[in-house]
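Supplied in structure tokens, the structure appears directly below.
As written, the chains take the letters A, B, C, D, E and F, and residue 1 is the first residue of each chain.
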Amino acid sequence: MKRKAIYPGSFDPITNGHLDVIERAAKLFDTVIVAVANNSAKSPLLDVSERKALVEEATGHVINLEIDTFDGLLVNYVAKRQGHAIVRGLRAVSDFEFEFQLALMNRQLNDTIETIFMMPKDRFTFLSSSIVKEIASLNGSIDAFVPAPVHRALKKKFDSGTQTETN
Amino acid sequence: MKRKAIYPGSFDPITNGHLDVIERAAKLFDTVIVAVANNSAKSPLLDVSERKALVEEATGHVINLEIDTFDGLLVNYVAKRQGHAIVRGLRAVSDFEFEFQLALMNRQLNDTIETIFMMPKDRFTFLSSSIVKEIASLNGSIDAFVPAPVHRALKKKFDSGTQTETN
Amino acid sequence: MKRKAIYPGSFDPITNGHLDVIERAAKLFDTVIVAVANNSAKSPLLDVSERKALVEEATGHVINLEIDTFDGLLVNYVAKRQGHAIVRGLRAVSDFEFEFQLALMNRQLNDTIETIFMMPKDRFTFLSSSIVKEIASLNGSIDAFVPAPVHRALKKKFDSGTQTETN
Amino acid sequence: MKRKAIYPGSFDPITNGHLDVIERAAKLFDTVIVAVANNSAKSPLLDVSERKALVEEATGHVINLEIDTFDGLLVNYVAKRQGHAIVRGLRAVSDFEFEFQLALMNRQLNDTIETIFMMPKDRFTFLSSSIVKEIASLNGSIDAFVPAPVHRALKKKFDSGTQTETN
Amino acid sequence: MKRKAIYPGSFDPITNGHLDVIERAAKLFDTVIVAVANNSAKSPLLDVSERKALVEEATGHVINLEIDTFDGLLVNYVAKRQGHAIVRGLRAVSDFEFEFQLALMNRQLNDTIETIFMMPKDRFTFLSSSIVKEIASLNGSIDAFVPAPVHRALKKKFDSGTQTETN
Amino acid sequence: MKRKAIYPGSFDPITNGHLDVIERAAKLFDTVIVAVANNSAKSPLLDVSERKALVEEATGHVINLEIDTFDGLLVNYVAKRQGHAIVRGLRAVSDFEFEFQLALMNRQLNDTIETIFMMPKDRFTFLSSSIVKEIASLNGSIDAFVPAPVHRALKKKFDSGTQTETN
């Protein structure tokens, strides 16, 4: 039996922590779909097509992967794609509580879909898309935290942003 | 590719929470090995053969399951059995921290083995083998918390235990 | 001596978790006042009179209850209403810390008022007004999470909201 | 309607933190029963009659109080005494998780009994019977942490204990 | 060897909890620099010069102190000022996780700078700049929570704020 | 002014995590005293002189260090040695709560002594003396977790331990 996992997220932008979870999940399932949430209500820094493109560039080396975007309820998307499991990364206690509430809610909405939690490398414990964006916005170096294409994309974003502001 | 997961624990005794995790894991992997830790240093209530027998009785309805016992380091056992992943149930923040330390340590000892965390039904959140043993020792009813064979085994244990004490 | 408890909150909207706490509190006190915070600064989805009306519809079966709204500091409201205790529901560790800080602050502001914490049913652990609003906004079903009048009110809200957006 | 709360614990020994919770609970209920657990399995420092006597000496000023001891399951004791609520003090996140599991389990065993959580004064946050015993055993001063009778009892205990050891 | 610590923050406004940490840090280091973050992106209530002035007024009695403001990455500021350590106050578990992620990130950005955590007095556990602003905005008394100059500044702010709104 | 910090612990045995904290603390204080607790009540694996000797062997490269042992209350020892601060390492939320209670209690016992918390390298997050002992007892490799002298000492201990058991 082939098993398919969905790894959903905003990926605004994808970090080395996300990448680490993707590589680990890809070893445990026949197919992993990285599902980039449209999430327009959260006013992401990058629009959904940029975010999807960066995930694609960063994960070219992983074979059994598909990159997609989705709208609406995650459980509906997972059902439509016939996924067996939702994969989520856990870094800290605060993640844990939020993720647990989400997983319990998703189970309530559709109890045929399982959520499994995976742990990124310990040196990525502190990493989040928000902290990466904050450092980039302050002109700090993010080389060690994100794949190269993301580095370039954020540099461009914040450089042009600064220009816009100063003009 | 066939994937094999190991679900290790003391199972002293197996509870409905463990059973729930076993059933969920069995849907995601081709084979799940429930690995009962010998753990003689922790002076369990039930010896390892009793604990294994109770897991077997409680899980007869799950097809792709194997029940085994192990000694020594978990990662060595998983490697010997060619497992791809270790499955652990998470109920609460305190679990989370302990399990994370364990998983990080196991990854340090053998980084080819992944740990994944699964969530039992919310109504099993409070359940643990210790709390079951404490209630049974106080003659409380544990019908709702453990499979029937465990209920019978603990009743026998504590009835005879009480006799021993009072004689 | 008659004892009166205040159960304050935004109730934006009331969920089955809130309802569960209300029913439990009503058994322990002679009167429970459900106090809907005006909170205009937090830009709630529903205005205070809608929120109060929904609490009233959902709690018609509880006898020793009064529904009210309040502005300003909670401790001042509790003192004015001669309440003996503030009741708060606790679901998770993150709740716990926030609620503790609030309760310590309230005690500092008025040390004659006690805060007591109650626990909703475990199957409501994941429930919050925010998560209900998010699901409703994505056209997910919230029947299992809120009283029927809330279900209808949110459906109307988000249906008309969508219309507004698309016109 | 008269309402009765049970405040159970080992009270090995009663601390100023326990006393603070007792005084707060006594304002919210018509009767509070302080229920000293026999707990012989936990090998307490003081036997149950000493622990009960110290609670009595420390709480003489609280009128609507009864001091009792109990064996076996707490919910059975509460039912026998026709208590409406179990009162527990919460100091920290670790308390919170343990207490929640206990309360959920007790609700499972008898769903007519409510558990409410109260918060001792913030300057008692660090206080526990164990830490008091450890300080006393190292000849540190515990005046600020326990009622006077407990101070005297522990002093006697550890003075004689030391003698026993050195003889 | 002289040692210099940096105590960074928004100080919007400085509370008695901050003041307590400042006094404690000043005993352990030869110089402490209180570094007020410009943080214009977070739309603080008080602008950076007001916040700096209030820190100065509140800390006049501490000798080995310097008050400064900074922009951009904290680690760059600390390096420029040749600080040996970053000092942060910890009050609660939620603080702890956030602060840990920040400290790990800062160590990644510059591993010659150490972060140390200090604990304010337990009666300041519940204090935060946000809670102080909320109470002040509801006309509650904040005398016990902030130094006198802050009290006056917030009173003026919220009084004039109300005027503005009603005109 | 010269400043002296005390780093207390059981060090049963010293791990690379402890060593990391020692090296960090030694940069912030003029002298650091590593204070090995006698703790005979906790039945440590290694006696206090072995534990002290291992700390000495492992820390030979740190200049401003003194290794000592102590009995009784930590605050009394710190006062006797005229220490300005107690240093403690923090790894996880569970550490945090326990350490906070301890620090608050110590402050209560002697409010002239400050406790500061430091963070070991993230790859030592999972490390504890107990986990090291458990792995060593199961013949796992602990090379990566402890200084070389500890490795040798534990190997000897568990080899002879096993012999004793099997003879």
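The criterion applied here is as follows: contacts are C-beta pairs under 8 Å (C-beta built on N, C-alpha and C of every residue); 3 or more make two chains touch, one makes a residue touch a chain.
Bear in mind the structure is a predicted one, so any value in this text is a computation, not a measurement.
Peer 1: Counting hops between chains that touch, how far apart are chain E and chain F?
Peer 2: The distance in steps between these two chains is 1.
Peer 1: When the CA atoms of chain A are placed over those of chain C, what is the turn angle between 0 and 180 degrees, to the nearest 5?
Peer 2: Rotation angle between the two copies comes out at 120 degrees.
Peer 1: Indicate the whole-number Å distance between the mean C-alpha point of chain B and the mean C-alpha point of chain E.
Peer 2: The answer is 48 Å.
Peer 1: Using Cα averages as centroids, what's the distance between chain A and chain F in whole Å?
Peer 2: 39
Peer 1: Two or more other chains in contact with one residue: find those residues in chain C.
Peer 2: 93-94, 97, 100, 104, 122, 125-126
Peer 1: Determine which chains touch and list them pairwise.
Peer 2: A-B, A-C, A-E, A-F, B-C, B-D, B-F, C-D, C-E, D-E, D-F, E-F
Peer 1: Touching residues of chain D toward chain B in the complex: what are they?
Peer 2: Going by the criterion above, the answer is residues 41, 72-73, 75-76, 93-94, 97-98, 100-102, 104-105, 108-109.
Peer 1: In the complex, go through chain B and note every residue touching chain C.
Peer 2: Residue positions touching the partner: 93, 122-123, 125-126.
Peer 1: Spell out the part of chain B that touches chain D in their complex, as residue ranges.
Peer 2: Where chain B meets chain D, its residues are 92-94, 125-128, 131, 135, 137-141, 144-145.
Peer 1: Quick check on the complex: what are the chain D residues that touch chain C?
Peer 2: 1, 3, 24, 27-28, 30, 84-85, 90, 93, 96-97, 100, 103-104, 107, 114-119, 122
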